[in-house]
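Please find the structures below.
Paired with chain B in one complex and with chain C in the other, chain A is shared by the two complexes that follow.
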Partner chain A sequence: MDLNKKIVLPGEEIDINGFKQGNGLYFEDGKYYSYQLGLIQVYNNFVNIIPLSGKYFPSKNDKVIAKVIEIAPSFWVLDINSPYPAFLHVNDTPWKPSSGELAKILNVGDTVYAKVNEITESRQIWLSIKEPGLRKIEGGHIVTVQPSRVSRIIGKGGSMVNMIKESTGVKIQLGQNGVVWLDGEPEKVLEVIRILKFIEEESTASGLTDAVKSRLEKSR
Partner chain B sequence: MGMQSDIKLIDENGLRIDGRKPDELRPIKIEVGVLNRADGSAYIEWGGNKILAAVYGPREAFPKHTQNPSRAIVNARYNMAAFSVDERKRPGPDRRAVEISKVISEALEASIFVEQFPRTSIDVYIEVLQADAGTRIAGLTAASVALADAGIPMKDLVVGCAAGKVDGKIVLDLNKEEDNYGEADLPLAIIPRTQEIVLMQMDGNMTREEVREAIEMAKKAALFISNLQKEALRAKYEKGEIQKTEENSNEGVNKGE
Partner chain C sequence: MSKGSDEIVYGLKRDYLEKISSKGTRIDGRSAIEYRPIVITPNYVIRAEGSADVKLGKTRVLVGVKMEPGEPFPDTPNQGVLTTNAELIPMASPTFEAGPPNEDSIELARVVDRSIRESKMIDLEKLVITPGEKVWIVYVDIHVLDYDGNLIDASQFGAVAALLNTTVPGSRYGMEDFPLPINHVPVITTFAKIGKQLFVDPSLEEEEVSSARLSIATDENGNIVAMQKGLSGSFTQEEVYSAIDKSIEIGKDIRKRLFGR
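Moving on to the complex of A and B:
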């Protein structure tokens, strides 16, 4: 249907056409309106607005890249690029430090690849790194992209990100919060950053995978 | 307002000092996403006004005691550059700037879904680079575009326009001379979809009938400016769309997502 992929602005009336109200819409006087700038998408009979800009809002089980900003007696406070800080308790880590030694494991400024474990009613975000693949990040480069564009960078079943990895040989770790960790040869890393910016800007275009492919081939 | 002069603000043909008809707006140009470090930004040129608006947030509200556990606070700061007016303006917030910041914050808050972001603040910075009357409304118009650019949920884009009384006539969108030597100025901002008034002030004197006429005139103009805001936003975000439709025709499959 032609509702799909249309750009809407806040306050624009949306005829949801028998579908259900999803994210990004509000209901007033019998009509539905968009409350955010974004793309309309119909998914599982729900009409959603996919935001094109804005901050990251965590949801459970998201994998994020977080930076330690504060150390408390039994947990760390981390920045996940969202309006609210996130917390990581020692019990949710593979390490067992004796009290007061948290800084020896993760100090302020260190980065971890973590999972959103729980979001409490009062919007406290608790992370966990007790799962295979989750870890403290060492070395490499950190860049940030628009959180809503992360799914575009990953591509269907990881097609986009795998193509970039194979072509450049750079290790890439994407956080749902728009933070990206890159490790590899400096020139290649710079090339990947340029490609990420390109995907970010052109994320509403389709045929993007092919466009990126040709860029990658040119740079080789 | 109220200054005396012998300049004729409306000539014998009914045209104004800058050649406009009584219900004619000054030219307006809006640009979106002009600042890279802000979460959202906009630049507006409205007649002789040149104004930048930047939005940051929602982010954790500081100092902490200003946080509201049930909603976000909207902090707008209206600031005039020292070089924005003929005679150097003493920098920093003065009585006038504090007042304007407050009414703009409240006008924007009426449209933003503040309940969605408890304990945060949404900061809006409005910098007047060049002033030529009607800056609060021009700043507010740019600010709501910047809010949309920042992806902040809101009912609609707040938009406004001023109307006033000059040489005994009700006119739209006063310029500096008309503002200084005219009889009344009435800035007004609305939520265009519902036409709910979110900001209205008046300086000078008008009769009840004249106020009614001025409000109608400003509302009508605001709805026109609302379309300019939307066009500006679409111009930025629909860039990739043109390419998309071209490619879709021979491809038919959406990759990614």
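Moving on to the complex of A and C:
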């Protein structure tokens, strides 16, 4: 039976057919079951379940766009669109502020492009911006999409997102957590937002790249 | 934590909206005086005396009208009683909390109430059963089901739509049924100030970054029947005058489009 693109309900038994157990499944009494409502995807011999919607669950080395929500003596608390807050310690930034001056560098409401550095056993999420490309984001606009759709928006090897970038001239930065940063002409940004919503809704359709391409050409 | 993470706005989103507002552009491509699509389903709750389901973009409000006989207020023995109540339930938004009504839900109910009461929309004098003893009490209950900005307008349209199709249930109490006597149809228009521009029907994103809010209710004769200013920002005199002119114009269009009056 073809497992790919089958919709499963939470607790539904899945015959993984000799493949390995991936994300979104659990093992009980010799059988595999789904954790969530989602689509089955077989990739590299792993069976994963891609949730139809939901919050972002971080995994190590994901690059996310985070919003500062609180300032502590030596670290910031950030929102990464996940059920748990994330933390960013000053030692994991390129800056060296003296204590009590963290607000001068990143204040509440500021946005950073960061990497998930570590997830402790107690589900504490530690971020880092000590890597090329990671930074505080300034200017532009923020929109959110379903975290599970981010990979579809990027496309194979970035084909989809590069096509949108080239066609509209808008700078796009995607966070794995579903937060997207856009910078460009307001009309073009609006067009990109519409295309992102379109991809989000039609993400299960085949030939999506071509559909997006024709939309881009029409609006040009 | 003093503020929930959903209540903290991305600083750059605020900057972006203020930047594009200077050219009169909005994030969703609407013009400054354009409403989001409005869909009203009257009589949504069949067993209620009157009801309406309002969808304003992604904002969704359900308004129900309940009527029963009761005692009039001592100072108005020859008038029926109008009571408006609003509920902001947690289902509608992560920023709403369960519990007793808060500032926002009281403001919402009172602004809607004011537009109906001060426009004399309902002919309360025709709702008297025995003067000084027994009158009809009109309960307008506003339930917010989904919050994506501009609850005031959505709730007011819903309340008006619900009242327009309300039947007074006299037969239940040994009298005769009759349609609720209506004099006027007030329509409210809410403006949000972002940067130096005024925008009609702010979405949630726009509401989050706006500095001031102004709601103006007008009736079909172009009279101002209710006003409410919100948030900490300010309006200039010219802005208020232009908002009044626009609200009368928009009110006419909405009254015709939604209520056929």
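Methods note: the second predicted complex is superposed on the first by the 215 of 220 C-alpha atoms of A that agree within 3 Å, B and C clash if a C-alpha of one lies under 4 Å from a C-alpha of the other, contacts with A are read in each partner's own complex, and residues count from 1 in each chain.
Criterion: contacts are C-beta pairs under 8 Å (C-beta built on N, C-alpha and C of every residue); 3 or more make two chains touch, one makes a residue touch a chain.
Note that this is a predicted model, so its numbers are computed, not measured.
Undergrad: Is chain A touched at more residues by chain B or by chain C?
TA: So, of the two partners, B touches more residues of chain A.
Undergrad: Quick one: classify A:T111 as touching chain B (first), chain C (second), both or neither.
TA: The second partner, chain C, only.
Undergrad: In the overlay, answer first, second, both or neither for which of chain B and chain C A:P85 touches.
TA: both
Undergrad: Looking at A:W126, would you say it contacts chain B, chain C, both, or neither? Reply first, second, both or neither.
TA: A:W126 sits against neither chain B nor chain C.
Undergrad: Kindly classify A:F198 by the partners it touches after superposition: chain B alone (first), chain C alone (second), both, or neither?
TA: Neither partner.
Undergrad: Check the residue A:K67 against both partner chains and state whether it touches chain B (first), chain C (second), both, or neither.
TA: A:K67 contacts chain C only, not chain B.
Undergrad: Which holds for A:F46: it touches chain B only (first), chain C only (second), both, or neither?
TA: neither
Undergrad: Can you pull the chain A residues that chain B and chain C both touch?
TA: Common interface on chain A, chain B vs chain C: 85.
Undergrad: Under the touch definition given earlier, write down the residues of chain A that touch chain C in their complex.
TA: For this pair, the touching residues of chain A are 67, 69-70, 79, 85, 107-111, 137-142, 186-187, 190, 193.
Undergrad: Could you pull out which chain B residues touch chain A in their complex?
TA: Those residues of chain B that touch chain A are 39-40, 57-60, 111, 113, 117-120, 148-157, 191-193, 230, 233-234, 237-241, 243-244, 247-248, 251, 253-257.
Undergrad: In the complex, go through chain A and note every residue touching chain B.
TA: It is residues 5, 7, 9-11, 24, 26, 28, 33, 35-38, 51-55, 83-85, 123, 148, 151-152, 154-156, 159-160, 201-210 of chain A that touch chain B.
Undergrad: Can you tell me which positions in chain C touch chain A when the two form their complex?
TA: 1, 3, 5, 8-16, 20, 23, 25, 27-29
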